[in-house]
């Protein structure tokens, strides 16, 4: 029985890289670099094979995956030879993607929109006779959503969803629909997704697992290994400052203060949890269109050692966002599918390894998160 | 019963910082920044208090500690106020330091020199009615020593030591004398120290623990957390290049190819153990006199992600060598004294956390090393 | 006949470093590192000697210069030995500094306050039988001042100054008083100073030169040599992004959006003038208190070469603000005094070499600015 | 009358980029980014147009330019679309390239080899009815050549060339042949080329100009603007350290101590000329195969300011060697052709702007070099 992956934002750079990459690995047996599930530590794990994954998804644009892949070739994300190799697969994948109405959740009761999404998911499962289906949000980051009383419990939410005014942001509509359709939900972005008490309740009631939030691909990944190092050496971090330069759609979205707020809060939390206290220093996210799909993150750590000696560490991380994110999306699909098979419901804290802002009261250092994942995975 | 610390190279920058720092912490209760033994994780551990340590040592120069402290103030290592505060303590410490003859081990049988060192150590213990005594090598790095048959077992070594030609490098004479005098031995430098089969045998016969080698204070410390990160994320490190700029005595010594060789081998080993294979890239150690006691290490990591995307990480670490090393020397003194009290003999692999080139077949990632230390410490 | 230097903000870090440094160079003949006027290119120039300078000034605080020097020693700006050496000079200098009332310009007609300042300047000149007197603003950066009709010409300004409401920001009151008292005026900060049409008129009428604004000590200095390099090589700068981390009083002031605005505009202008067009990229100024008097500036330049190849340059500048600024303040005092002697009135564009935001339509590349200065200086 | 460019190493990465780039600019009118001759400052200069250049050359390998272009596409140097666009041009260019025998200069008298080269050059000129022909060496860097008496004057050299033992390195054979055939010679590499007294004599006798040596494309370019900045600000550079990571054929060649020696000497000379004295610091060139045609250069400058304050600047330059070099090769072709037309013979110091190690006693700061070029160019 195969595993379904439903990508929200299925024609974005990350999703296109996921689709092209999965096809390329299948087609020419290239090494699945960046895929955690393929490490020796997970050799005996009960995870679906990459070749057992079936992809579908929604997007608000309908440019073909082939066109998107061409863009990624020009941007230096996909090798031209890979794009050629998987052209057929992408055309086939196009057939499984559905056009989403960007205004769907704003007009009329949101319950109706959820129903449409549930139908799409159920159709996808039936068509391919799928076992577990995992819905993964890789769409653009939403601005933070303002709290509403209807978010607090499922009964109130159900009532509100039948009213005229929108009550859930798009990412949460998808989480709702996923649970309703018997699917797991993973939020790879800092959007709200399943992080509302009412949706938590629904995940438990429908017996579906969820995980998130915000894939840890660069600056925060580094912080999650370096902050513990300072702590374990008793070095006193005085200020941790950072600047991110990024292009692409995500850069444009995050340069807006609103959308960056939740991302920055997560970056800060990683430091504070690991360093046991407040740490000075700003984080900037600058939109630099010419960087395209690439990003550069500079971090400056000022710390104090023995007898007050002032020292510093600087880091520059230059990466391709889609290439960093795509293998983690594949990993999350496979690990979450395993959680489904193992009957997990509600949050899966053992997936904290993948996220900037993990669900639950979990450790924030990467080494412990890795050990948790390795020890938890069903075998 | 107090704990004795015998510093080899007792008037060097590291040792002077150790002595001044220990006195300052005692005197004004300043926070012992950089001391691992003072972290909450070690709150209940059976470690000697900083105030229970008694210091002695050898050096080949006899400039007073007060003069050395003035130099460290000018170099920005010691605050002027600290130097003033501890002037009396340093004068008292001067009285416990013995002048070493730099040529002692080269003329006449080395057995005689060992006897003199044993006498100094025994006198130190008796004078202060000490419990455990830990000999710590913080002298200049030696060039690698060429293997000799007499290194292979203790009987052969004992015979050779009575001969005319020198058979042991200075650091190993100290290790021999330490074990003979019933002391533990710690090598904070990349020198040979106790790392010979014959000395291993002696440590077991005399029931003394030893640890080393080469304190992990900067570039290698970073590598021991970053290399595991790349490994756990399945990212393929293509090349890890590094340049170290350092002044001070250590810079002058290490700029000579010979002395740097063992250091570089250790830096490389950390990468290879963590990344499971050979990694391209050179390491340079440049002597930049104007840097004084400060060092700058630049690392460039070229790595490959999903579908072969080439990405990079750069690091610049700017630190004060003595300020980074001194608290670790205090930690090693205390942890090794605890090992003595617990009856340990031979290598103590649980101290790998502190070293570039730890004894034994131990993990090379910092997080596991820290957990080993925490779980091992007697309580 | 000696030259007078009147420092506005005379007890700040920059001014204290100026005073201590000038005294130290006189006292022990230390090389005047960082002083442009001492370069071989200016060997025959008709500039006052460092030993001919007499210092006075205003500040709104009255902590003694000796205390300020102690602070700078702790901050690693002044060597302890220098502070000791010049303790007597600083005490003498204290006698020439006057306490300024921070609210003086806000209550009652500003004309009265100007009169008081003119009295102080005239007294200073008479007391020391000075030739030229140069007033230099090294006080904290002001927020940008809102334009007022009275700024447009001198007659209107004179009327307004007699009214109840304040019409000039403090830096401009000093410029006014300077011209009125027959002194030159230099603005080392991004404040308004003499940059108003009415004050320009006054400088011409009183026959006094002025220069400014905002000393070019780090990031902008680098930009003024690197931007021309890209231009002269035909390389296409796509984005120039920068982050400044700074502590000290200036950091606190500039972290406020308002005060940073004029600084950032100047940084941007240097790029645009040198690169002949708009350049993408943000500049951030972060206040990092633990940095004290030190600053770290990171710049990232993304550029395009032949056939569209994307390349980058990164820079990290780590400097001590006061040590960078102080010798330039001494230079400006001496070059401006020479301009006075040569009968210059109004702006002195040949001093553009020293400023982020120079007066007049001048070249913005450092090499040309240097040549202008060298060719202009009276000999 | 058209201008001929004869490339030595015509199938290398730089030459292939030159050929593809010149064709692409002609074909689609893309902006000639990185071409100095196209800057507004050179608008009225009497330079041959890019479309007037005719290319020929030698190489020791005979892989087709099309294959080489494919490699450059995979390496991210050439856009795939450019390679497609110019495929026909490259095929045509193949026809003008001649296979060189790598051992030609080692067997038999070198005079015979020179004759063959002269024939190739003369044939090239005749076939295309060319005006000036410029021979440009873009082959791999040679090891430094050992001085021989025959290098000292032309008469001795002519005799030696008829002997059995080789007397000139390959780059100098090309310089000889160029002058003999009435062509100018430019050395874009650090090889010996025309830098021998005997060849200087020949250039004057045949009335041909020459220029070199070693194109200034990265680290040295930066040094030639930053070192003057430190000098003009009176800042005291204590140490300038650098590490270069490069892949490609040049990386492999330069990682060998011998070949790097002349390059490092040139990098050092730029500092010493600009900073008026010896400067501490090493330069390393590391071969990192995975970098391919890209290079990363890190520079660390330690400098001293007012009152001895220690400060630093770090730079990381990440560039594509071929993309940086190719437009300069086109520039040198055009400027040198203009020198030919103007009747210049012997070295052309006004081309110092392009070289690490320029001929003659010329200024070493980029700004002055640029002004020299601009003021010299025939109009």
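We just call them A, B, C and D in the order they show up, numbering each chain from 1.
What we mean here is this: a residue touches a chain if its C-beta (ideal position, glycine included) is under 8 Å from a C-beta of that chain, and two chains touch if they have at least 3 such contacts.
The structure displayed is predicted, hence computed values, not measured ones.
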Shared interface partners, meaning chains that touch chain A and chain D: B, C
Same or different residue numbers at the chain A/chain B copy interface, by half rule: same
Chain pair, B-C or A-C, that carries the greater number of C-beta contacts: A-C
Chain A-chain B separation of Cα centroids, rounded to whole Å: 44
Rounded Å distance between chain A and chain C, as computed from the means of their C-alpha atoms: 49
In chain B, residues with contacts to at least two other chains: 76, 79, 304, 312, 314, 316
List of chain A residues in touch with chain B within their complex: 17, 20-21, 24, 30-36, 38-39, 76-79, 82, 221-222, 225-226, 228-229, 231-236, 304-309, 311-320, 323-324, 326-327, 353, 365-368, 370
Chain D residues touching chain A - in the complex, by the definition given at the top: 73-74, 76, 79-80, 316
Interface residues, chain A side, partner chain C - complex: 238-239, 241, 243, 245, 280-282, 284, 286, 288-291, 296, 298, 300, 302, 304, 310, 312, 314, 316
